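To start, I am sharing the structure in question, which I have written as structure tokens.
Each chain gets a letter, A, B, C, D and E, in the order it is written, and its residues are counted from 1.
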């Protein structure tokens, strides 16, 4: 609750701040300050489960350890994102404080989407998440790529909204209780009525769209590629993770007891996502676009949680969200500093900027899922959950084979950084402040810490 | 069949016809007008279902505000049949039509299996759609969504501003 | 003698690990070398200590258990058993030898080179000591990563592709094993703290239906087969050996390939006895085919490193076959042979390195007549070569003799077929000796000089080991007795 | 336990010491010193061996156990030495002849640089060491250690002059052919271990009865394969003539006197097994006979001294196997002994000749040497007479003992054997005549360089000549002198069991003396005839450059056996290897592995085309996806 | 009136909207088709609400009306979306003088 309200308020603050802030660098401090505030408040709620604001939401939101933990992770990742890439937000355009305001609104949407309890709040949350993102995608107005990305994102997003609404409508129609509450769909163990089935497929599709699962992923590469890199970093991590949280909460609470009837669909989608994501990423020359595809591939792995739908899966998803967000934010923060976004642009980075190179290596190893990094633990949880579920073992084998493919493209960057030479400077040094390096090192350290003790996060769920 | 049926069929035909024309007509202005017709038809359905509030809101918000907005934009860009980008690849066109129709058939076929036949819809009477009930529900149970939707509007507003505001300085380089 | 907080397994893992991390901060090359050599020697000392220490029966200092992920049932538990002790000893012995043998070589960024070497040593130690499946997998991967960097950073001109292939190949294999581990884990019995357990004991006593065992068997086996490697998973090896710097090649071929065999002995055999019995013929046929195949291909190699690589494939194939006979004598042979193969192949690499360092070529066709100028080098190489083809009174004879007789107990014809490799090995080894060392010397080889004192010393150490084990192998049998018997109990 | 014989370990240990000293100190040792060390240690072990022999003669046989070589739950192999009649006899031969040859070498190898000289002696000592291990070993494993050891030494010594690649090839050939045999040996050992669980002679021979006929036949056949390799029998004999590339003393020691008899020793050692396997015995006999004849025929047409001697060696070994095959173990061992004497003598004589001729080995360029080097000439003549089987020289007794046994078994064998003996006489005296008789055919500087060899060479010649004469007298047949066969009496304990077994298997009535004398007469007379024919034919030999024709050509080319092997075995293996290397490895397996990578890249390049960048296509694909999901969900 | 009729009607509208999105290239038209889809959903919701109202009767008074509130929120969201969407389209039109969705095709593969 705290998070929702405070993010909304702080968004407004930032919005008005736009009028008063003279210097371009001011908004960042405010944003960081506000975010820290919100984070504290949220942690307080996580610990006590007693929000500061006692708003009667008529049970339309539901707060528990799970989604509060996620919100905490989302907020902390955003904080890290601000600290690492905040200065780059200022380069996007001149409405800096508006950008921050929009980011706060997105966070508000994230919090709602993570805590929704009725289809309405789900819908609202997702919309509140999406609409600011359309703007941020297009925020580099002179850049036609950015425009194109915004248009595609918007049209396809609206399309998926339509689908989602259709789904909601059918669910409502099929629900004899005539309620939108996800834990009141009134499904028995038996075969679900056709209306529900149709609605479920529609909802599944729209959620798959939000988490960019194949074959509804097409917007992802173009949007991630076109939009300003800072915002790519944000929406590829926090927003996507929120989508997954919404996804799993919806399907666990609403359709959990008829899982067997839709598990096949998820299996198909997962396999397709893994295959397309990994396969297409192999070919990419631009690191930015490659990371876009890799985010699809990672989504494929996260889908295993929805496939498995057990406690292990939920722990794993939280862990995955954290690990994936940390690593991706880190690698994007480094990518932004590069002069050239192609893989060759990384040539010889190890010589010129060893710290960047080494931390980048940690991030990439984590994304690949090498032991001792958080990435391994999260993938490990996913596989564990999927196998525990006991259905469709082929999917797990398939997943690990795809993970092997993923090593192929992640290590291309490592090779470029360490084993190739480059004469001209690959990054402009004045951007690289000592604080930036230290923050990178801290991020890498976090990743490794999580890699050794995933319990640091999972304990939050069970304490 | 009674008046209700007649009205139902009439409005349905109107809505679908309008919708088809929206898709079909070359000139954007025409499609907008057809879409307005469709919305009116839908509002008619709402009235038929005795959802008066929604009927009104639909006309005001959709047919009124939104569509007018569209119209303004189209006028502003003065788009017309000539400036309309033609669908170059015919295959995509046919593929689109086929896909849409098969989607329709699929869902219809699926729903025919479900025996919703005996499920009736309450026409004309029933006071759930009346403004006072909705108002009660909206401002008691649905106060939170109502409030939070303000965030939506705020962000939309900021967005519109940010997007359409003139940049004084040219942004450079890759961001 | 040790508190339970610090045990010998700890030291074996963490001394190289910490030393390796520190090495990165030593800027001077000589310093880095000296430091890493020191660390390696300390490690060797510790592992020797473990031998002494295990003599007296109080084993408290030899195993350690820390509940790492409690509710997961995973723990940081490391402990010695026979084969573990043997292979940690091999690892500990190999690294000082490698460092001394390549002491003259200078690397750019020597600090990171030696740091990575020590890190991989730590990883290897972990693999050989871990008694927890998850931990085992951890170290299994961690041993791989430094090697990836070592090879692609300091290797030959085609290094990047070769290493990349090697990495992806092994990575895919180990991921399959990960699936296998998890699946097995989910069928282990509940423990007081968790509903499943990764402990080795739990894995060994896991109850699996034959059908489950059958596909799990392959998940594990492929991972190990790629690592060993045996036919037909071996194609990464010659390229990698050829391309990677010799120090790394020594480590790879001397120690790292043992990871696969170790995995078979420590994990696969005890876990899936039925499946092993079911598939033993398949595996052994694969290995035997591989033995002959590799030996034949070795006949055609012109590059010394590739030659050694293929001969190594043949030897490993024999060990793999011997393991799957699950005959006591064969297993005893495998144990000792794992050590011997490590020593011999390292010796071989040292000689090759000495030649390449002086003449800059490895092509057999370009060499010849080295014996005129470098008789000592020649003599040592000849001895190592004959050890490599298992001449009696060299160490390899003991192992191969026992493995062959075990294989014979299993099936006569496999033995006869594999026995051809005895002849073929002689052919290619003697070809190599003749073409490289005998005959008239050419303009290139005329420039070679006799090896220096410390090279003589290090080679003498290797030869000493070769003949010591060859004449008095008994201690090694004592060392690995318990492992063998524990495996055999699974196949009663 | 505290048997005096416990110290027999000294016998092999001394040569080992010599090997180490000479090997490690070869840079610093002077020639004379290393020569003294090299020969001295052998002399030492010779003295010990005689002492041991006397001990054994007084009936003290003993198995000395030193330590557990391998001792696990599944396999127990002690490092044991077995001292009995057989091994002690071989000890004498090896160390005795060995010493003489070492002595000889000190002078023969004198041109070598001092470090090569030392190397030579170290190898020679190492060889003696391995040979001693071979014969002293108390079980098949120790025997195998020596067995491979001698192979190694012969490899090293054949390739002693490693500059010359032909020599290296010869060395390689020798080692590999031995290895083929060794494989058979190993398999036999595995079989034994599998059946009896041990490789100790005692246990094996005691429990031999447990073995089924099939087992024992298989084991013995495999052992025999090993023997063919080591003792140069068909089909593995071709390495021995090539092995003449080594220094002549080496040929004398290894390739005539000792190593090549290892096969005979091994079979004699496991005589009981062979006696139990009649099939194997037949095989052994036939192979031996075949080898004897084949080698003899080839020897007829060789012009290189050492080649002639080499083939005669092969042929003589054939006789020994013939003897073993027919169960005349004593005879075979007896022939080993005598052969060691006269063949070493002949080789050393040939060496002396070559030495005098300045390395010339082709006897067409010799002749009339008898007036230049009398001692060599006399001793060589004695050797020829001995090998030709002229009474009362040693060869006569041993060969005729074998032939007599053969006759008992199968007169046909006897006939062929005698034919071989005649050929032997013929080519030996062809050799003799072409070297020593007639007039000199070499170049002038050779002629005036001719001289008698120094004492270090002539002394061994004389000593061996004496042995070649008297060596046979330890085995005088019953015919001439009752109880004259002292050797048989001496070896009786070794072969007792198999003799009994043989008796009850196929009881022959012993030959009547008259008949035996008749047989001897035939062979001796025939040999004499061949001898004289060769004598006067080749004493007036003139160098001609006309090509050999017909049979002669085939013989001169050794029946083209090498060519045959090359075509049937070597070439195919090479091409298969090439095929594996170039096609299967590169294209096949590695191709498959890389193919996966290629496939991924290709798939990537194709699948990315879905990302056309056009909203319409995206939506279309999405709708298709929707349709698919609906179908799956609702209609499947 | 059977609910099937309404279901089919709105599904038909929905699919027409989809076809429009598929076939047209004018961004504005496509967007309008999306709006059509939303309206189809609205109609369906209202129909269902009345259906439930009939089925559940008056013992759950507000249940049925929830759907209509939902429709109200949908309209709210739609309005917001329209403002943003049109802004984006206008921006693109300013940069490219085209509303053709395929005109901008820099991001592909």
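Points worth noting:
Quick note on the criterion: a residue touches a chain if its C-beta (ideal position, glycine included) is under 8 Å from a C-beta of that chain, and two chains touch if they have at least 3 such contacts.
Quick caveat: nothing in here was measured; it's all calculated off a predicted structure.
Common neighbours of chain B and chain C, listed by label, are A, D.
Path length between chain B and chain D in the chain contact graph, taken as the least number of steps between touching chains: 1.
On a Cα centroid basis, the chain most remote from chain E in this structure is D. Of all chain pairs in this entry, the one linked by the most C-beta contacts is B-E. Taking the mean of C-alpha positions as each chain's centre, the chain lying farthest from the centre of chain A is D. When each chain is reduced to the mean of its CA atoms, the one lying nearest the mean of all protein CA atoms is C. Centre-to-centre spacing of chain A and chain B amounts to 31 Å, using the average Cα coordinate of each chain. Our note on geometry: chain C versus chain E, Cα centroid distance of 65 Å, whole angstroms. Taking each chain's centre as the average of its CA atoms, chain B and chain E sit 5 Å apart.
One finds 43 Å separating the Cα centroids of chain A and chain C. Each of residues 168 in chain C touches at least two other chains. Looking at chain B, residues 92, 95-96, 99-100, 103, 107, 110-111, 116, 141-142, 145, 149, 152, 155-156, 159, 163 sit in touch with two or more other chains.
Residue positions of chain A touching 2 or more other chains, listed in rising order: 120, 124, 127, 131, 134-135, 138, 141-142, 151-152, 155, 159, 163, 194, 197-198, 221-222, 283, 408. A list of each chain pair in contact follows: A-B, A-C, A-D, A-E, B-D, B-E, C-D, D-E. Residues 597, 600-601, 603-605, 607-608, 610-611, 613, 615, 617-619, 621-622, 624-626, 628-630, 632-634 of chain D are the ones touching chain A in the complex. Only residues 92, 95-96, 99-100, 102-103, 106-107, 110 of chain B touch chain D when the two sit together in their complex.
Chain D makes touch with chain C in their complex at residues 67-75, 115, 141, 144-145, 147-149, 152, 155, 159, 162-163, 165, 168-169, 172, 175-176, 179-180, 182-183, 186-187, 189-191, 193-194, 573-574, 576-578, 580-582, 584-585, 589-590, 593-594, 597.
Contact residues on chain A toward chain E in their complex (touch as defined above): 119-120, 123-124, 127, 131, 134-135, 138, 141-142, 144-145, 147-152, 154-155, 158-159, 161-163, 165-166, 168-170, 172-173, 176-180, 221-222, 225-226, 283.
Chain D contributes residues 608-609, 611-616, 619-620, 623 to its touches with chain E in the complex.
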